[in-house]
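There are two complexes below, and they share chain A, which is joined by chain B in the first and by chain C in the second.
Moving on to the complex of A and B:
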């Protein structure tokens, strides 16, 4: 028996378990049957173990170069190094769906074992819905169109190898699984929302119960998107990191919708408002993850990412239609029960800012959706092929992003219900002055034009509000508890992690905004054809071309250009020739510093005598802060997702005026 | 009296909020629709482009095959020329800078740029088409190639 047989068998065994899970969880929820709930739990665990076994089998088959499996033959070669063999699990469609199914089975198991005890009916109903989704994906992976373990006979001696772009950089091991984790974990809030609708609940129990999974899904997707931008920067060789490519759009849309959701649920928790809106948002965000998978994997869009075209496109589209019809139908049916009890306060209250923030995020999502689907609609109607260029996205999204930066600065500073004039002055005097300083820095750096200068000013504004808030928090704790500054600072995060973690996320977003503005506005580019020993000037720096050398490896041939920089550092950039690609793949040489990146690519060279090479050099300011900003966002989200402090200490925090971040178990107990 | 006035001012504030939110949404929708058509880049084969008489200066994508033996690159002038053909119509493409690695004679290519008044195409960029990148390593060892 080979790994292929193990994997194929495991997937086929898992499907009936998932189907049984739907029946047993639904019945257990309806009849409050503990025995059947136990059965559903064990089905979840067993199905997860089997799907995990299938994924491990595929990884083992890739590592063992078992060319009798079609997926291995098409995405692996005997010369592929172990790391790139293992991560070829998500190099193409079938493997990606297998990874998706594995994560989903893990999510089902998490809900089955962690949540069904404290919230029996809601969580068990959600469990039945999650089992239904798992059944769909398990049914998908055993159909010929998406079965990863299909054989070929006779087996070829060697395989085609992974797509060259996927075996060129270690980030390929990070970006896709992060995005998939983010996508799939949105299933949990979605399943709870649908369960809440089915049960006819009108409260926010589903929101409180899934706060952490929504936050974790959002953070993983966000960090995954930044990792993808970094990969594209480090591999594709044009010095950019974002092109409004349909597949990039597919990842950013659910993230935008989920960002709106994470903020609007706070309004529901505090003010008992926006109930149906929150349900619609979570259904929308989840549907966009499926739309994203459909766009990426069906080949309907022309994109650098559309590596595979497949027959599963219609199946995914049917699944999306079913999800939309079922969940929005439920929402309409239950609308009468979702009456609002709270009312929105003054225009300068926190809930009003959340409202504007939500309008902007939903509009940003809708604008990306329009730009992504418009070419498909035109082609379907008139047959003309077109694409929507980045000017559209820049013109629509940049003003929205600036407005959101502004709201990010003022929102957290405004109290619920409305602010007095004195409050406004106390909260904003310092940040407004800092914003002026930020604008001055931008002008001194040579930035011209409203957008980049505004980005500096608004980012400075946001960071100043966060610093002010933390300073006041530390001061209050010092006065009331006599803590040392360091202890007081740490307890802010421990006791009100949701609030202060959120501030850290805001700082990360401000850092990303500045990095984008600087790298877009001030990057310098030069190209020259050089003989060995001669040099070129870029942004006051000298780049000397030392010469070309050939490097032969088992999986590829490389032509490497060695460069010396004016500070004595060396850099090399290469063109790689893979046996499965007709054209060479460029590997940029990147020297990153905190101030800027020097980005060099070998554009062309003399193949006969190595007598000349055309070198492109870009100097891109602050671009590495984009990746650092992504990391800060991830860390902030982690702080916000960690369990808050104990009950006795929380009561004291309420006295202090920071009644946020109530931990999940306490809220569920009611 | 006082509570009544407070309620009506609350209602007024709420109406102001809703109107502001709607105005924002409508404004964004307007900007989006205004920019959608002007940012649309149509994709033609050389024959289609000739039939439609694309106006010189409007950004277009042209997709066809690079004619064998037509690719010329002058490294000192960084002048790049090649011919795109769909078998019926041939278009001279002129660009600046080294040919990207994915541009090969006999292979498919999509270039973005504008038509000049003399009928040649001034390319500003070459767009990858990954589906055409793949070739099997050797005929005997070919796994069945999937086509859409």
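Moving on to the complex of A and C:
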């Protein structure tokens, strides 16, 4: 028995378990049957174990170069290094769907074992819905179009190897799993939302129950997108990181919709408003994850990610249509029960800012969707071919992003209901003065054009509001509890992680905004054809071309250009020739510093005598802060997702028999 | 510095900086080439512009733009040359004054509609009587403490 048999068998055994899970969880919820619930939970665990076994089998088959499996033969070669063999699990469609299914099975198991202990109807109904989704994907992976374990007979001696772009950089091991984790974890809030509709609940229990999974999904998708931008920057050789490519759009759309959702749920929790809106947002964000997969895997739109095209397009489209019809149908049916009780306050109240923010985020999402699908629609209607790329998206999205940065600064500073003039002055004096300083810095850095200067001003504004909030929080804790500044600062995060973690995320976004503005506005490019030993000047730096060398590896041939920088540092950039690629793949040479990146590519060279090479050099300011900003966002989200300290302290207090409330200093304040 | 003075100075600084940054200035030839090349699609890439793409085709097209700019041709003449060779497809954003320009209008319309919808629902809650400065400071401190402890 080979790994292929194990994997194929495991997937086929998991499908009936998932189907049984739908039935048993649904009945358990309805009849309050504990035995059926137990059965559903074990089905989840067994299905997860089987799917995981299938994924491990595929990884083992890839590592063992088992060319009798078609997926391995098409995406692996004997010369592929172990790391790139293992991560070829997601190098093409079938493997990606397998990874997706594995994560989904994990999510089902998490909900089954974590949330259904006392048979709550909401969680148990959500579990049935998650089982239904898992069943769809398990049915998909055993159809011939998406089955990763299909045999090839006779087995070729060697495989084609992974797509060259996918065996060039370690980030390929990070970016796709993060994005998939983000995509798939949105299934949990979606399943709870649908369960809440089915049960006719009118409260926000589904939001509270899925707060953490929504946040984690959002953060993983966000960090995954930044990792993808970094990969694009480090591999594709164009000195950029975001091209509004359809797959990039497919990833950013659910993230934008989910960002709107994470904020608008706060309005529902505090003000009992926006119930149907939040349900619609979570359904929308989840549907966009499927739409993205469909768009990019069906070959409907061209993309750098269309590594394979497949017949599963119609199946995914059918699934998307079913999800949309079912969930929006439910929403319409339950609309009468979702009446609003709260009211919006003044235009300068926190809830009003959240609403404006939601309008802008939804518009930003819709514009990306429109720009992605518009060429298809125009071609279908008139036959005209049309391109929509970065000039369109930049012009539409940049103003929205600027407005959002502004709201990000003012929203957290405003009280619910509304603010008086005195409050406004007190809250905004420092931040607005800092914004002025930010604008001045932008001018001194040589930025011209309103947008990048505004980005500096708004980023300074946002960071100042956060610093002011933290400063005041620390001061309050020191006054009340006599804590040292460091302890007070730490306890802000420990006790109100959701709030202060959110501020950290805002700082990360401000850092990203500045990095984008600087790297877009002030990047300098130069190109020269050089003989060995001669130099070119770019942005005050000298780059000397030392010469070319040929490097032969088992999996590829490389031509490497060695460069010396004016500070004595050395850098090399290469063109790689893979047996399965028609054109050469460039590997940029990148020297990163905190201030800027020097980014060099070998554009052309003398193949006969190595007598010359055309070198393109870009100096890109602050671009590494984009990745750092992504990391800050991830850390902030982690802080916000961690359980607050108070719950565990109270539990301890109860266990130890301390009178409740005694150690909680809130009593003093009240 | 009082709060109000800080606000005024900050807003004034931002306004002046924006006015300086947005002031019209003459474009260098290199900037013109970059701007025009960014409008053009690299025909052999997936959605990258001629300015961004390192491919041979894009570099050749960029060289042509550079040559035309050096010859003193107008923006429209250069665009027309590419339109004739490739059709509208070669431009990365659709024409504005054209039925296909709807794609520009829709996002703006969506934002305006959304903002109008929110605006009609604003301020329905009766405004609370304005508290005095002292009450306000007390309330704010309390809210902050509650939040910090929460």
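By our rule, the second predicted complex is superposed on the first by the 641 of 670 C-alpha atoms of A that agree within 3 Å, B and C clash if a C-alpha of one lies under 4 Å from a C-alpha of the other, contacts with A are read in each partner's own complex, and residues count from 1 in each chain.
Just so we're on the same page, a residue touches a chain if its C-beta (ideal position, glycine included) is under 8 Å from a C-beta of that chain, and two chains touch if they have at least 3 such contacts.
As the structure is a prediction and not an experimental result, all values here were calculated from the model.
Overlay on chain A: chain B and chain C clash in the combined arrangement. Of the two partner chains placed by the overlay, chain B and chain C both lie in contact with A:387. After overlaying the two complexes on the shared chain, residue contacts for A:628 are found with neither chain B nor chain C. Taking chain A as the reference, the larger set of touched residues comes from C, when chain B and chain C are compared. Of the two partner chains placed by superposition, A:199 touches none, neither chain B nor chain C. When the two structures are aligned on the shared chain, A:428 is found in touch with chain C, with no touch to chain B. Looking at the shared chain after the overlay, A:450 reaches chain C, while chain B stays out of its contact range.
In the superposition on chain A, A:70 makes contact with chain B only, while chain C stays out of contact range.
Contacts of A:158 after superposition on the shared chain: chain B is touched, whereas chain C is not. When the two structures are aligned on the shared chain, A:347 is found in touch with chain B and with chain C. Residue contacts after overlaying the shared chain place A:529 against chain B, while chain C stays out of touching range. Once the two structures sit on top of each other via chain A, chain B runs into chain C at 113-121, and not at any other stretch of 5-13, 23-31 or 113-121.
For the contact definition in use here, the residues of chain A common to its chain B contact set and its chain C contact set are 302, 304, 343-347, 352, 355-356, 359-360, 363, 366-367, 370-371, 374, 378, 384-392, 395-396, 400, 527, 586, 603-604, 616.
Listing the residues of chain C that touch chain A in their complex gives 1-4, 6-7, 9-14, 16-18, 20-22, 25, 38-39, 41, 46-49, 52-54, 56, 59, 87-94, 100, 103-104, 106-107, 110-111, 114-115, 117-119, 121-125, 127-128, 130-131, 133, 136, 140-150. Considering their complex, residues 10, 13-14, 16-17, 20-21, 24-25, 28-29, 31-32, 35-36, 38-44, 59, 61, 73, 75-76, 78, 97-104, 107, 128-137, 140-144, 146-148 of chain B touch chain A. Chain contact summary for the complex, chain A toward chain B: residues 70, 73-74, 77, 152, 156-161, 163-165, 299, 302, 304, 306-310, 343-347, 352, 355-356, 359-360, 363, 366-367, 370-371, 374-375, 378, 384-393, 395-396, 399-400, 527, 529, 575, 579-586, 603-604, 606, 612, 614, 616.
Taken together, the chain A residues at the contact with chain C in this complex read 237-240, 243-246, 302-304, 343-347, 352, 355-356, 359-360, 362-363, 366-367, 370-371, 374, 378, 384-392, 395-396, 400, 415, 417-418, 420, 422-423, 425-426, 428-437, 439-440, 442-443, 447-450, 452-454, 457, 472-473, 476-477, 480, 491-492, 495-496, 499, 527, 586, 601, 603-604, 616, 644, 646, 664-666, 669-670.
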